[in-house]
Amino acid sequence: MDISNYLYLSALLFTIGAVGVVVRRNAIVVFMCIELMLNAANLAFVTFSRINGNLDGQVASFFTMVVAACEVVVGLAIIVTIYRSRRSASVDDASLLKR
Amino acid sequence: MNPYVPILVIGAIGFGFAAISVVAAAITGPKRYNRAKSDAYECGIEPSPQAAGGGRFPVKYFLTAMLFIVFDIEIVFLYPWAVTFDKLGLFGLVEMMIFILTVFIAYAYVWRRGGLEWD
Amino acid sequence: MLNLALHVGATKTPEAVLFWFLAPLAVIAALGMLMAKKAVHSALLLAWVMITLAIFYIAQDALFLGIVQIVVYTGAVMMLFLFILMLVGVDSSDSLVENIKGQRPASIAAAIGMGGLMVTLIGRASLGRSAVGLVAANTNGNVQGLAEQLFTKYVWAFEVISALLITAALGAMVLAHSQKVRSRTGQRDLSIARFRGDSLASAAGLPSSGVFARHNAVDVPALLPDGSAAPTSISSVLKARGDMIESAIFELQPKEEEEN
Amino acid sequence: MLTAPVLNYSLLAPILVVLGGALLGVLVEAFLSKAVRPAAQLAIALGTLVLSFAQIIRVRNLTSLTAAVNSVTIDGAGVFIQGTILVLAFIALLLIADQDNFAAQASAVPGSEEERSAIATGKIQTEIFPLTLFAVAGMMLFPLASDLITLFVALEVLSLPLYLMAGLSRRRRLLSQEAALKYFLLGAYSSAFFLFGAAFLYGFSGSLSLNGIAAAITGGQGNDVFLLIGIAFLSVGLLFKVGAVPFHSWTPDVYQGAPTPITAFMAACTKVAAFGATLRIFYVGLSAAQWEWKPIITVVAILTMAVGAIAAIAQRDVKRALAFSSIAHAGFLLTGVLALNKSGLSASLFYIVAYGFTTIGAFGIVTLVRDSAGEVTDLNRWIGLGKKSPFISGMFVLFLLSFAGIPLTSGFIGKFSLFNAAYETGNITVVVVGVLASAVAAFFYLRIVVMLFFTEPTNDSVTVVIPSIMTRFAITFCALVTVVLGVYPSLLLNTTQTFANFLK
């Protein structure tokens, strides 16, 4: 098998994630699609690390995981806040950011 | 791949055992159902149809989980540091101390603000 | 994959078997995540994709990353996602965000075009050198090699990460933690309230259910020495759930007339 | 035993000071009582920025490729951008310190009893100050970072606090929270693109450092397909951040929803930092591959200028209008990226200073125009404001004129030198579109001037509140900079000339 297959897989997963962000409406699912994209980028990093024969790619992938985890904390905190606000039917801002 | 073969074998055995147990129980065991048996087990109290709060978790679970992740990441950094501690020497120790102290400030903040209190 | 010009070194058969077994599953799971109606199903499918990727990392000589992927991503991040879904309601598929309208079909087409283009491009790529592999870089062990890079070459980024961790903790606290306006009533406050209250009747504590009662079930009130029922002896949880039986029916009938 | 990495703390001092100040802020949050916190936080934040600026002055003429192993490059342009961010952040912080704009308790559900009691007891969310400082630290690191990991980490350090702060508005909280969500989702989306591009650039060159990538491009031993994919995705990530046109849709919504002082901070400082990094990536890392990206960036620049200028006309909301104007300015700044020479860099540096001060000033005035329910951002209700408070309206007009690039304002000099640099390098199309877009934008700004000064006021509930001393200072300072740079541009132009160099 050819190592480039991993790159195809990475590109496919990235595309699926990118489509998902556009298609889905639920903020949590959109966020999961973004996580899928980050994972695809990580797979590319690890594969290239093997191709290039140095560990820089793996370090980059490691940093990505760590940073993504922080991002998840902040993002889900925002989603939770919105969810709690919306459930308490306050209608003074009903129009929101629609154009 | 070689070192992982035993792991795969263990995994296969574990999976096989679980599958065989479930199937065997389904085939050999007696099947006499009644309402009490199909109820959820709740220490003798009749289970209520839905948990308090409409089956939803309160926010404090979530807060705990979020704080867990923050310190989980710290641990993930500690592991490679510990493995290479002998090679890294003093500067590695200093770097890690700075890192831990910084994250400890976050801990102090969370603790003082009552983020770790359950109710 | 018609044109595989990128000959960066073939891998051994076990890895090929692993890849061709798991990669289609990963793609199917990712597509399922995209299509699934319920958010929980999406989350579980995403967790599966992540585990698959962890296996691929390990197969590609990135042992440590594989473990971190499982510990951080599947173990912590996906768990957090599931917590949120529990918070929002498991069966929720409601829309929380309004995307930009009208751009949807165009964006899907663009994204698929992008993906197709990428796959074609990678297919036509020729690296011009063979893959080096990580045997040399991993001689002292993968974790050791990674740690050496992490704590020397990328030490600055590592230190800056701590700022990110603090920001995350601050964010979680600011947005999700409600500070109590009143302090919690402790044991001391409670006992003061008992003795300084209107009556001393409950100073020694409330009666427990089943004491001098006609049943010893938890939802049956205790009887006070004068034969009247004490509703306070029943746990407030039962009361809140509406599982309490009317206390009056358990009271003893006054028998004074007969005696006189 | 490994050799210890050498961190040059003296050169990193500006960033370290800000990070230290932020940590101190968190400690204050943890251990000081509620009553002392606001004052202490403000003092710490302002003091930190001043101290950090003093460090900038100290290191201004030093250069180094190895200040933090190979992750950070200290050079003229980097130091200049850092200094700009510090001054802008200082001014923005004065606006932020007017705590009336922020939620009393962000975790309280809008409209709930808890929120009312939080407002009644005068609670204040003082975490905003350390968050701002963290964002500033990220912004200062972003344009200096010279490997892809550090770039990514800095990008997140600057973004995460901004995501949070965008949702902390005191009034119209649902709108604000939704803006935060939108900002977050699209920001994370763009980070994913950035990373995927970074992965392919790494695959192309085998190195994560910008210099390594540049060497691989000139060496020509890499795979051009990977390079192309890498540049494309990395650019998408960056263009998202600067708000260039196919990727701009988040800008108006976020600018409108976020609390106005945060919008000012975001619009000025984030754009400066993002352009600093963009300039470094394209000038240092990818300049040898300019034939691969120049055509696309040219199209993006043209689209950005055109859409920003035209869409602004249709806006009925001041903050949205200013957002579109900032999109147009991103387009102008992209012409500086296209120029790829010293005069282009120098002009870009001048432009970000001019743009930054003007933007903060304009948003600062938006915070002052209010009725009983809070800020009034509906343009129709600004009609005739010039008669009620000519001074503030006059200042607003000054900022608008600078946005439009009318002579005797800093905006004119900025645009002139940018277009000049682009013209020198033969990007005639871009210059023509730029001039046309400026003309369209000028029409829009003049319309606002007419509304403010030459139309009879219709409703009386809108007033300009008396600004606090801090806000007054901030706006006046911005106005002064706008005028002085317009009249004596050589004051700054000479400086940008000296500092306009990237160390490779």
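Which chain is which? They are A, B, C and D, in the order written, and residues in each are numbered from 1.
Simple rule for what comes next: contacts are C-beta pairs under 8 Å (C-beta built on N, C-alpha and C of every residue); 3 or more make two chains touch, one makes a residue touch a chain.
Computed from a predicted model, the values in this text were never measured in an experiment.
Engineer: Quick check for the class: compute each chain's Cα centroid; which one is farthest from the centroid of subunit D?
Structural biologist: The most remote chain is B.
Engineer: Name whichever of A-D and A-C has more C-beta pairs touching across its two chains.
Structural biologist: Contact tally favours A-C.
Engineer: Centre to centre, by mean C-alpha position, how many angstrom separate subunit A and subunit C?
Structural biologist: Once rounded, the distance between the two centres reads 17 Å.
Engineer: Please work out the Cα centroid separation of subunit A and subunit D, and write it as a whole number of Å.
Structural biologist: Roughly 24 Å separates the two chain centres.
Engineer: At what distance in angstrom does the C-alpha mean of subunit D lie from that of subunit C?
Structural biologist: Each chain reduced to its C-alpha mean, subunit C and subunit D end up 35 Å apart.
Engineer: Give, as an integer number of Å, the spacing between the C-alpha centres of subunit D and subunit B.
Structural biologist: 40
Engineer: What are the residue numbers in subunit C that touch two or more other chains?
Structural biologist: Correct list: 15, 64, 68, 72, 76-77, 80, 84, 87-88, 96-97, 118, 122, 125, 127, 146, 148, 150-151, 153-155, 157, 161, 163-179.
Engineer: Identify all positions of subunit D at which a residue touches two or more other chains, and write them in rising order.
Structural biologist: Subunit D, residues with two or more chain partners: 2, 4-5, 23, 26, 106-107, 149, 153, 156, 160, 163-164, 167, 178, 181-182, 185.
Engineer: At which residue positions does subunit B touch at least two other chains?
Structural biologist: 59, 62, 66, 69-70, 72-73, 76-77, 87-88, 91, 102, 105-106, 109, 113
Engineer: Looking at which chains touch which, would you call it a line, ring, star, complete or other?
Structural biologist: Looks like everything touches everything, fully connected.
Engineer: Give the list of subunit C residues in touch with subunit B in this complex.
Structural biologist: Listed in rising order, the residues of subunit C that touch subunit B are 12, 14-15, 58-59, 64, 68, 71-72, 75-77, 79-80, 83-84, 86-90, 141, 143-144, 146-148, 150-151, 155, 158-159, 161-163, 165-166, 168-170, 172-173, 176-180, 184, 241.
Engineer: So in the complex, the part of subunit B that touches subunit C is made up of which residues?
Structural biologist: It comes out as residues 1, 4, 48, 54-59, 61-63, 65-70, 72-74, 76-77, 79-81, 83-84, 87-88, 91-92, 95, 98-99, 102-103, 105-107, 109-110, 113-115, 119.
Engineer: Would you mind writing out the residues of subunit A in touch with subunit D in their complex?
Structural biologist: 7, 10, 14, 17-18, 21, 27, 30-31, 34, 37-38, 40-42, 44-45, 47-49, 51-54, 56-57, 59-60, 63-64, 67, 70-71, 74-75, 77-79, 81-82, 84-86, 88, 90, 92-93, 96-97
Engineer: Contact residues on subunit D for subunit A in the complex?
Structural biologist: 106-107, 109-112, 148-149, 152-153, 156, 160, 163-164, 167, 172-175, 177-182, 184-185, 188-189, 191-193, 195-196, 198-200, 202-203, 206-208, 253, 256-257
Engineer: For the complex, give me every residue of subunit D touching subunit B.
Structural biologist: 1-2, 4-5, 23, 26-27, 29-31
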